[in-house]
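In what comes next, chain A is part of two complexes: it sits with chain B in the first one and with chain C in the second one.
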Partner chain A sequence: MNVTEVGTEARQRWMGLLARAPAARLAELLEVAGAAPVHEWLRMPETGGVMVRGRAGGTGAPFNMGEMTVTRCALRLETGEVGHGYVQGRDKAHAERAALVDALMQGPGAEALRAAVIAPLAEAEAASRRERAAKAAATKVEFFTMVRGED
Partner chain B sequence: MYVAVKGGERAIDAAHEWLAEERRGDPQVPELSLAQIREQMSLAVNRVMAEGSLYDPELAALAIKQARGDLIEAIFLIRAYRTTLPRIGHSRPVETSAMRCDRRVSATFKDAPGGQVLGPTFDYTHRLLDFKLAAEGEAPVARQAEPTLAPTPRITEFLNRDGLIQDEAHSDETPPDMTRQPMEYPADRSTRLQALTRGDEGFVLGMAYSTQRGYGRNHPFVGELRIGAVEVEMEIPELGFDICIGEVTLTECETVNQFMGSKTEPAQFTRGYGLVFGQTERKAISMALVDRALRWEELGEENVGAPAQDEEFVLAHSDNIQATGFLEHIKLPHYVDFQSELELVRKMRREVEGSMKEAAE
Partner chain C sequence: MRDDALSGGFTDAPVEAARAFRAALEAMARPGSLHEVAGAEAPAPLSTAAAVLLLTLCDGETPLYLAPGHDTQPVRDWIAFHVGAPLVGPGEAMFALGQWDALAPHDAYAIGTAEYPDRSVTLIVEMPELRAEGVRLTGPGIETEAHLALPETAAFQRNAARFPLGWDCYFTCADRLAALPRTTRTEAL
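Coming up: the complex of A and B.
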């Protein structure tokens, strides 16, 4: 299976999920899945800065806000699939695991890996987002109209 | 005569050794972990990330620990670290309209779609010391309600529909980067926003406050203030598509300002904009006020000579690392400079004394 068959959108989704995932959780899930294939480096893990941009007024011209730390790497499995890891922060092992999952998701074990790694990460992220949204919702103001002075 | 001297190595080593001991404080008291700083001093962490201009909570926590809680020193450490990082690239401009808001309030529209969401705010607290926090207690749990997971629309967009507020001209031009190119004046708005978002909170607050007190007054309302997480997306050249590389918490403030109109523009509202890393609302509101004050020329307003209207004054003094570097260097040895000053003063006094003696004779 090559990348075009996999579909760019699906790949964007899992790469983003892997970038945001807690490194320790990803490591745990991968270990349980027993996915540790032999691979060669195309790009050793390296940490750098990405300049984050915003827009004036939220919608106008772009401006530079400041950088965030990102670690990236690229590797190739023995079976030929190339995986890229781009993760937030400075954890090289996290980037390596993200690249491994990216490569494996393009291969024959994709469905098993989706169930073992991608789905639990997505569920955990959705649950934590939902919990934060629920706390925010509890702080939503409800206005009551008091007696209005009409005279 | 210039005499080079050296020495002090032993004294410096001993000073740093003592610094390390003092940093640790009483060893009977448990040592702070980075996780404790990150989780429980999170607004300090946010400030260090914003002014250090690097989003990495773990590193900011380390910097705060190393700096013994001196935030400007911590920001200095982060800025120094930042310069060692290779630049991987730049993100797409973040979509703050897709922010998952922890907090979202408007001082202009009570019934704003999406509602007034207070979030974890100090507002409406009584600012009385809470002695319960002095004792160890159980971790508090916040209540929850049915969440709305739809994006919250931006309030200025409603005003914009009726043309009542000045439009932000959309562009995809590459913005100048003051960390790569030397500052030039006049600076454009993108450079000003970059300088303000990493500028010293106290300085930007003081400048903003000066406009409220009448030095370049611009009648701001907080149209909207929102705090929450946004995903950061970046184009990956080797892949040929964009991916999300992480998530950052931002504070965004949009002010709505009175504008009487000019020769070319009808009366309408204008905007000031603040966008800062982390939960940093004092800074974001301040940034929006100063951004608006600096736009006087573009909006055809009068320059009343207020400090907050003076772009060079504001931008050249907003950076606390530049400021503290130049300020603090004067405490370092200036023996030779001072020696020459001393010679000069002595010579001038001798001359004056000589001429006074002559006059007396």
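Coming up: the complex of A and C.
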């Protein structure tokens, strides 16, 4: 199975999820799923800085927002699937696990892995977002403008 | 040689890149000396030594020119994954890769400016063979004289005459490399 079969958008979704997931939680889920296939390194985990750039309003001139520490790696499974992992920070094991899941998600065991790893992570992320939104909503101040009836 | 764009990089990048950089430095410091390098495998027609030089010297901030013959899709893919260097025309390149004849015209490359003579191109010339015999080399880094089989001498003499401007040259063949900086004087025997 290649990238076009999987779909770029779906792959972006799980790679982003893996990058944002807490390293310890991902390790735990992966251990429970028992997925530790043999793989070879295409790119050993390496840590570096990347410049995060933004555009005001999404359309303005690009500006440099700030630097960010990123660890990346690439690996290939025995069955031929290539996985890439890009994660924030300097946790090389996290990058390796992210790449491993990325590779496995392109293989025949994708559905099982989606249930065992991707779904719980997505759920946890959605829950933490909801909680944060609820906290923010509780402090929201509503402004009303009274009709002054000047006419 | 491999056809696969994703494999063939350094397996232990810090150590292998340091070794390769040392070899590249030694080669440039002692023009005409031959050095063996290892650790990289790139798609044909890229030689091991040229691949090692690319991995060691180039990155996302060094524009690279691929001469006809080396400008193939597998090579481009390999460079995109392992090096990330932007591919440009001969005029803007900081590195140029190809066989000597394919790199012509040799006056099309950046030779630096009077204020910044370092803003010049480094040619990586793929050679069918690399032998320490033939053209006589003299100049800095050579105690008496050295010999190296060059594709021609006129272009190197013109280049040396422009000092402090001019380009520098690496020659690669299989897993061996040699260098010829702009300071070296060349004489055909």
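To be clear about the criterion, the second predicted complex is superposed on the first by the 138 of 151 C-alpha atoms of A that agree within 3 Å, B and C clash if a C-alpha of one lies under 4 Å from a C-alpha of the other, contacts with A are read in each partner's own complex, and residues count from 1 in each chain.
By definition in this document, a residue touches a chain if its C-beta (ideal position, glycine included) is under 8 Å from a C-beta of that chain, and two chains touch if they have at least 3 such contacts.
Predicted, not measured: the structure shown is a model, and the values here were computed from it.
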Contacts of A:74 with chain B and chain C, given as first, second, both or neither: both
Which superposed partner A:44 touches (first chain B, second chain C, both, neither): second
Partner chain in contact with A:108 - chain B first, chain C second, else both or neither: neither
Winner by number of chain A residues touched, once chain B and chain C are compared: B
Touched partner set for A:58, first chain B, second chain C, both or neither: first
First (chain B), second (chain C), both or neither touched by A:7: neither
Which of chain B and chain C A:16 touches, first, second, both or neither: first
Chain A residues contacted in one complex by chain B, in the other by chain C: 46, 74
In the complex, chain A residues that touch chain C: 41-44, 46, 74, 76, 82
Residues of chain B defined as touching chain A within the complex: 49-50, 52-56, 58-59, 82, 85-94, 96-97, 100-103, 110-111, 115-121, 142-149, 154, 156, 168-179, 189-191, 193-194, 197-198, 231-232, 234, 236, 238-239, 241-248, 250, 252, 254, 271, 273, 275-277
Partner chain A, residues of chain C touching it in the complex: 6-7, 9, 11-13, 81
Complex interface listing, chain A residues touching chain B: 8, 12, 15-16, 19-20, 46-70, 72, 74, 84, 86-90, 129-141, 143
